[in-house]
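To start, the structure itself, in structure tokens.
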């Protein structure tokens, strides 16, 4: 008898997250019960009793959880944690709550580097000027151009995305300072970056990547004062969530010419037609496209299969990220409703 | 008595290529005679006899050369070799002809990567759409998006620029194939790239960088047939000189949707207002700005000082690139007239 | 009032694991109660109630544990887990059991590489011959010499030590195959190594590092058959624990000339004077010295302080390794009784 | 008609330097005339007139050279340059003098690292003690042990061998200082090492590699004063030639306990039986075995074929190292007479 997987991966779907060969492997190895957020609790009790895994992030009551006596893990493929299940009980019972957000690290980092190089070299503006016949040739067009190579780079938040950024930046031989209060300094040093406090990363960066998840502690922590402390001409790149930044203060800092900036995330998505960033000079806009590549979604399925295989063998899941007792309640990055 | 340097660095100037401290060092170490292309031959014969170095690429006659009995090197800071001096005699006498084009390798590579990421992720087009209120959010905007990470990359020409590209690409763990008939395959392998013939690099690349200098052998060698052989959807990035490519064939290949492309160089610079690439869809335009950064020009001065110091000590110049007897006459990349 | 740390780090001591500045920091931040394995349970109940951390691996009864109502972590600085505390209760309560064995990864890896190079080039034997006047000069002495560069290397077990080995091996551009059934293959691939099964790593390695911890599943799993399957002339390097290997079978394989080998660990330590490896030709002996460097011990203190600081702030310990519910009972590497 | 290669590669032989497939390629592409140092000048004049390449380092007179009107290169596969041909004429005519010593860089670097790890961890001495039953277990045996990781390393001479050392050292994250007066500092910086003067590299190194070739300028330049200036406990590793060191001063520095050392090269080879290094404590001996691996010799053939192919096509040889007009007369590393 195959272990049961209760599947409710919305807004993802099994087709989105599994390549056909992996989808086949899933069904060969497990009894997959496709259900929904609402229907999960109404499944036959024998099915709940036999369930080893939940794929998705459906609401779970204490009662339903108590029925799932063999549950080993909730595999949340949306990947932002919401407060819709009794985490305390899950942790006591040793049921892993796993997220697959790491799949977005590489695509977001690549877009982030592309945006940084666009700010450094004025790629978008030069192309527009060229289309309009107002381009400037050679050095004349490079008054504001600068190199990433050998420059001072700051990274705020050093999870999977911060690490992916560092990896694709290493060929530039930069000095990288990192602010991440959830990590011990020595781990950052081992990764070849300089652990630093928030003020230092704000004031000593030519280019500043903000990739911190939203938590109960850090909403709007990059505020007007923070922007003011940045170097004149700092290139500011926001890749995680708009909520960590005072967005209006950022707009002011760009408009005043103090910094140049780019963002993949916005306070509202979609953004109103009359929002001031739409025609903000010195700002490059990306409509929350950094992570949502098909290949990224398909890695979710790969990760889920690898970790279920380990847990099937009585081992610890290693591929997905585990929600932690200490921090699960602090997470505030909003789930997406659209892939 | 200080060794004499005859300086005629046009279109560069001493101010452009020396930071103030290095300019000071230059004058402290050498007697710098500022002259021009035309005036060089008219300098007092004692001055010519004492000259150790020429800084620039002035025309030199056999007669003038014969007078410069202590000449050790011509340091060409424009860096494209033109046929205006008796190279054969220079080589026989062991006078080095040195170029400083390596200073452009890093800035051009950085822009090249920025353009590649723009093609891969549609950065410029997405920003434009966003300004116009027609942006597509999340995965909807990523239909053509793809990763550089883990992809197959081709590089045509593996001089300083090709090497600089490889260095900043290594964090992406790509497969890199290189075509460079002037280099032994084993040297390419040692650098972690796959030596290959022209056809393989054309047909097996997701992204193709053309960074070959123009020579008597390779004008327009990327022709209609070459574009046809490229993978459907290939991203084509031209960074060296327009002359290595059949530009019209490239435009056709982009227009037909077979490839997407970008170029920093054009058949005429500046380009006529009605040139078809100005509104070519699937094409990103950069007005020959890849290398012309102040910091690059200033490295020319650094390189010149380092190599003159070695030659002052009776040693071999190592920093600049030497023109070679076998190939000096084959070089066809046009000098710039504007920095 | 400072949080209480109950300290019973035997066989380590506070002096061994804390540099003086860190020792000072420890006492400034915490109330350190120095106790012993036996005395812990007899401490005043108010002290137990106030204890936030235990430093060491003393036996803990359910009763004592119940009294330690504020306990956040047991920081085991010996680092091999023994079954002397109610792990199930610790995990239910979310009390971390942390080990600091990662400090040994780098020193063990360095010795491991030194031993591998000794096998590859016959360093020890050549020095001995030279002392005796029987050395062979030049290529005559290199009949069995070989390169690590570009060779095929196997690693059995890919924890901190396996990763440290890969890091110092990367300059050799080797092909590295890894067998570690506790890790998902994609994580190994991301690290640039080839995940493989046990048979492949045994049969396809020029040099084979065994760095797996002893578990209930793998005692003596490198047995006579495994040695027979290795390549003729394989260099076998044992760095973790003698128990994972059938030591007699290894000796036979060396004696027969099938492999050459080296080990830092032995079935008995100290080893009897008449043990056959003492004069085994083709074998290099290291008396369990790979990890025990002062600098390694001092990093234990650093790690402990960093993780306590995170836990003091309500965060998750990241520096030490956590014992896991699934695997804590499987660990069989014997603790050392001597530093 | 195939181009003629005059072959006199002593002490190498064609069998030593060509794998069978490459040997076949050689004969398919070229007319190989096997001759000797003495017989070369007596070859039929038509043969000399047709010769494109000389493989080896035979004595060449001006007269013979004048007859070889098509000569493109002398490919010296012994690789130490001796003063037995009219270099000035060769350079005037643009005939390349090429050496293949780069093949030894990797094997010498690997042995060098092995010796450095032996000094750092006492591998040879511990194995000897273990054989004798006097081994010390665990930390007791590590009183003098230290890590290469994170340490300060000096390299004297930064040719192919210095670069190869840096490559295999990079996984150790060391600080590397380099002294090489023939190289511009900026090239060293680009390679990630710190350019420095001789005094700094002597006084600031925990481990010091001497890999400089002997020149007219540097004989015995590591003298008693230099050894005195080294850090107490410095590990000194000599890999190039004994002549760059005052060997007696080195022995004194080891004997006094000021440094520990190892060498692959000696003032006389073979070394007299009563030479004091034979029983010098704190010294590891290697009988000039560092480079002489079959695989290294076979790369000579590969290099020669690659460069001849380039020259056949009218291009510049890139794979071998060119003798230079400025420095060819300064070289003093003695050729070997035995492979």
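Order of writing sets the labels: A, B, C and D. Residues in every chain begin at 1.
Here is the rule we use: contacts are C-beta pairs under 8 Å (C-beta built on N, C-alpha and C of every residue); 3 or more make two chains touch, one makes a residue touch a chain.
Everything numeric here is computed off the predicted structure, so don't read it as measured data.
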Going from chain A to chain D via touching chains takes a minimum number of steps equal to 2
For chain A versus chain C, which are copies of one sequence, does the interface use mostly the same residue numbers on each side, meaning over half shared, or is it different? same
Chain centre separation in whole Å, for chain B relative to chain A (CA means): 38
From the C-alpha centre of chain B to that of chain C, how far is it in Å? 51
Where the centres are mean C-alpha positions, what is the separation of chain B from chain D, in Å? 34
Where chain A touches two or more other chains at once, by residue number: none
Among line, ring, star, complete and other, which best matches the way these chains touch? ring
Contact pairs between chains, per stated definition: A-B, A-C, B-D, C-D
Can you list the chain D residues touching chain C in their complex? 106-107, 110-111, 113-115, 117-118, 120-121, 123-124, 126-131, 133, 135-139, 141-142, 145-149, 167-172, 269-270, 273, 278-279, 284-289, 292-295, 336, 338-339
Quick check on the complex: what are the chain D residues that touch chain B? 91-92, 94, 181-187, 302-303, 306-307, 309-311, 313-316, 318-319, 324-327
